[in-house]
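Before any comments, here is the structure.
Read from first to last, the chains carry the letters A, B and C; within each, the first residue is number 1.
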Amino acid sequence: MAANDAAFIELDAVEKVFTVRRRAGWMRRERHEVRAVDGISFQVPRGEVVGYIGPNGAGKSTTIKMLTGILVPSGGRLRVAGIDPSKERTRLARRMGVVFGQRTTLWWDLPLRDSYALVRRMYRIPDDRYRHNLERCVELLDLAELLEVPVRQLSLGQRMRGDIAAALLHDPDVLYLDEPTIGLDVISKVKVREFLREVNTEQNTTVLLTTHDLTDIEQLCQRVMVIDHGRVMYDGSLAGLHAVGESERTLVVDLERELPPIEGVPGARTVRVDGARQWLAFPAAASAAPIVAAVAAAYPLVDLSVREPDIEDVIAKMYAERSG
Amino acid sequence: MRLYTAVVASSFRRYATYRAATAAGVFTNTVFGFIVAYTYIALWDQRPHLGGYDLAQAMTFVWLGQALLAASALMGGGFQEEFQERIRSGDVAVDLYRPVDLQLWWLAGDVGRAIFQLLGRGIVPMIFGALVFDLALPASPLTWLCFLLAVALGILVSFALRYLVALTAFWLLDGAGANMISVVLSLFFSGMILPLNVFPGALGETANALPWAAILQVPADVLLGEHQGAGLVGAFAFQVGWAIALLAAGRLLQSAATRKVVVQGG
Amino acid sequence: MAESQLYQGLRAYALIVGMWVRSTMAYRTSFVIMALGNLAITALDFAVIGLMFSHVDALGGFDLAEVTFLYGTSSTAFGLTDLAFGSMERVGRRVRDGTMDTLLVRPVPVLAQVAADRFALRRVGRIIQGVALLGWSLAHLDVNWTWDRVLLLPVMLLSGAAIFAALFVAGAAFQFWASDAAEVQSAFTYGGTTMLQFPPTVFTTELVRAVTFVLPLAFVNWFPALHILGRPNPIGLPDGIGFAAPLVAVACCALAGLAWGAGLRAYRSTGS
């Protein structure tokens, strides 16, 4: 076991090539190759939480499908806990939890409780572990009132919480989350993040998650990987990503009345004015406090909020940086 | 009006995209056509003029049944499940506030589907049948036109029936039971599993008076030239009568359902 | 390894089926309606034959008791398979909407999960109808029940169910490649059981040869039943050919298993 801990998840030049057939006129079809994953290598030590981000179609889901054993890689070497996922799919399945944001792994027509009972038998979870884990999930994810409800009647946020619980009942060593907060309301998002943090610290569960929400990464991940066109473009801390991408946060201020663009705030520039509302951009790594103070001192402030940069923007800037 | 034409067209296009499903359906219809045809041959071999049909007419009936199975939704399907899902999920409340007529909206969609399935799933099995068996197809283009009218009216009656069945989802938790009963009745009383004129005595008379007869038996008899002159007018009147009665019943039930939604707020 | 795989599969199958049965029983009224509806459908299915025999005394030279015997055996064998594997036609839909992936991340064989998914107890309707008609025909048949004929009856039903099961699995495997083509399967399964309800003499000898050598449906009930009924083989095969049914069933299941494995491999290399 110990030998695995430094490289609990290990990818070495992993590739996935799809052959796509396209209709080219009546009855004729053209074949062409798509390299969804084009030589990805990385290692994740046990207990790390990694954010795996990139634009749609970048190869994120394909990577997760290979890590879980759903897809067989076209090339390279891949190990999770020393197991080759595509060869020993069911053995690995006992040690991993998977949550697909877009589709449930629960049984659509069964109440949550029945789904969990089935998971218990399927994964052969010992009674005391099952009771303990279920209790904890019910408490932390606020599921008590949902246990008797058929899955199809749950809202997206409720279902997601139900799914995350189902993925953790068998104490997996590694947890894969594909867009776990997509479409969730603010309260559900907060609950999900808190819960994941706790699972990670208490049980040293390794977590790999894909997301479009930078807040997920900020609050959960020690490490972030940017993938595009099937390759790793960045691998490091979130702060480092902001530095590379020169990403900016935005301070949105509502003034008492319409005024000319705000001037004279060090480290920030006004990028937009719309009536009494103005937008000021400043480097993501900088603190918002002095900027807010400077604005408040010189202008009649009614309300304000800070907007985090979009992942898409950060990545776009990163590209601009490289090519320029 | 233009809106409903657009719905017909978009529904047609939507079904046209399911190429593999259409091919699979044609294959299945053709296989069943062969199986049923041979059992009818064995039957007509013993009773050459059973139900007033000769063998060629019986064979035509078999292949026509396979050709219309999808278009006339004799096994259910079409808009029904989708509509029931919207009722179940409560999305129907949104539909009710839109400035369109709910029944006409779904009818337009079903017409688009039926037109595609008549072309996509009707023609090929019929050709297969005509190549292998001796069919009694009419030579007169007028008979074909009358047949097409009868098919169209049959699809209207089929829609009206399925609309009623779909609306039961407002009151029943699960529409599957009602759907299943509807399929049983439609298969038996349309003539799909055996022509209605082969049914004995009172059963035959009853079956011929029920709305399901308008879906397959009447179009088949029009194609086979069994209805002429006043009889033809009577056949159309039978179809139109059922269509009006059932569509009206659909509206009544729909307004009852709407009141229920308004009162309970979805 | 292969043995534990089989055990795991059966265990998972039983678990999931148990769960569905319990959940079905939670909506008892709905279940009763569906079960009765199913029974009604199968009853109407037989009504065709009843109506036909209201006009004739024999079809293809077989009387009502003999045709009912064929119907009962075909329907019972098919009913057993439809109950156990009836959900397999949903594979194509799972491939299309991506939920196949969720089955692949669980620690049990996919085939067991697919077969047990949405297990519908209401499908016992067909078995009940098949057994009832079989019982009626046995009471009315004029058969010299020698030991080999007595033995052949249960063997026929089990082999028949296994041959149908192979068709269901192979059809489901085909959907990994053609996910929209679920209906093709119906041509062979529902079409097959419909065909076997009638005497082979009703069909052309080419058709009988096709369902003997290409797709061996004739071994489900025709050949064993012909031996029991003491009738000659319509395509000149030896009389004892009916006893080959179990061997044919085993071969079909093996081929279907290979097809399933190939389908799943194709899915796991293309993901669609």
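As a convention for this text, a residue touches a chain if its C-beta (ideal position, glycine included) is under 8 Å from a C-beta of that chain, and two chains touch if they have at least 3 such contacts.
In UniProt terms the chains read A = ABC-2 type transport system ATP-binding protein; B, C = ABC-2 type transport system permease protein.
Bear in mind that the values here come from a model prediction, so they are computed numbers and not experimental data.
A.B. asks: Looking at every pair of chains, which has the largest contact count?
C.D. replies: B-C
A.B. asks: As a test of understanding: of all chains, whose mean C-alpha position lies farthest from that of chain B?
C.D. replies: A
A.B. asks: Looking at mean CA positions, which chain is nearest the middle of everything shown?
C.D. replies: Going by the distance between chain centres and the overall C-alpha centre, it is C.
A.B. asks: How far is the middle of chain B from the middle of chain C, if each middle is the mean of its Cα atoms, in Å?
C.D. replies: 29
A.B. asks: On a C-alpha centroid basis, what's the spacing between chain A and chain C, in Å?
C.D. replies: Each chain reduced to its C-alpha mean, chain A and chain C end up 46 Å apart.
A.B. asks: Between chain A and chain B, what distance separates the C-alpha centroids? Give it in angstrom.
C.D. replies: Centre separation, chain A to chain B: 49 Å.
A.B. asks: For the complex, which residues does chain C have touching chain B?
C.D. replies: Touching chain B: residues 27, 30, 33-34, 37-38, 40-41, 44-45, 47-48, 51-52, 54-60, 178-184, 186-188, 190-191, 194-195, 198, 201-204, 207 of chain C.
A.B. asks: Show me the residue ranges of chain A that touch chain C in the complex, using the header's touch definition.
C.D. replies: Where chain A meets chain C, its residues are 18-19, 62, 65, 68-72, 74, 86, 89-91, 93-94, 96, 98, 100, 102-105, 107, 109-111, 114, 117-118, 121-123.
A.B. asks: In the complex formed with chain C, which residues of chain B make contact?
C.D. replies: 18-21, 23-25, 27-28, 31-32, 34-36, 38-39, 41-43, 46-47, 50, 173-174, 176-177, 180-181, 183-184, 187-188, 193-194, 198-200
A.B. asks: Give the list of chain C residues in touch with chain A in this complex.
C.D. replies: Interface residues on the chain C side: 8, 12, 15-16, 19, 22-23, 97-99, 101-102, 104-109, 118, 265, 268-271.
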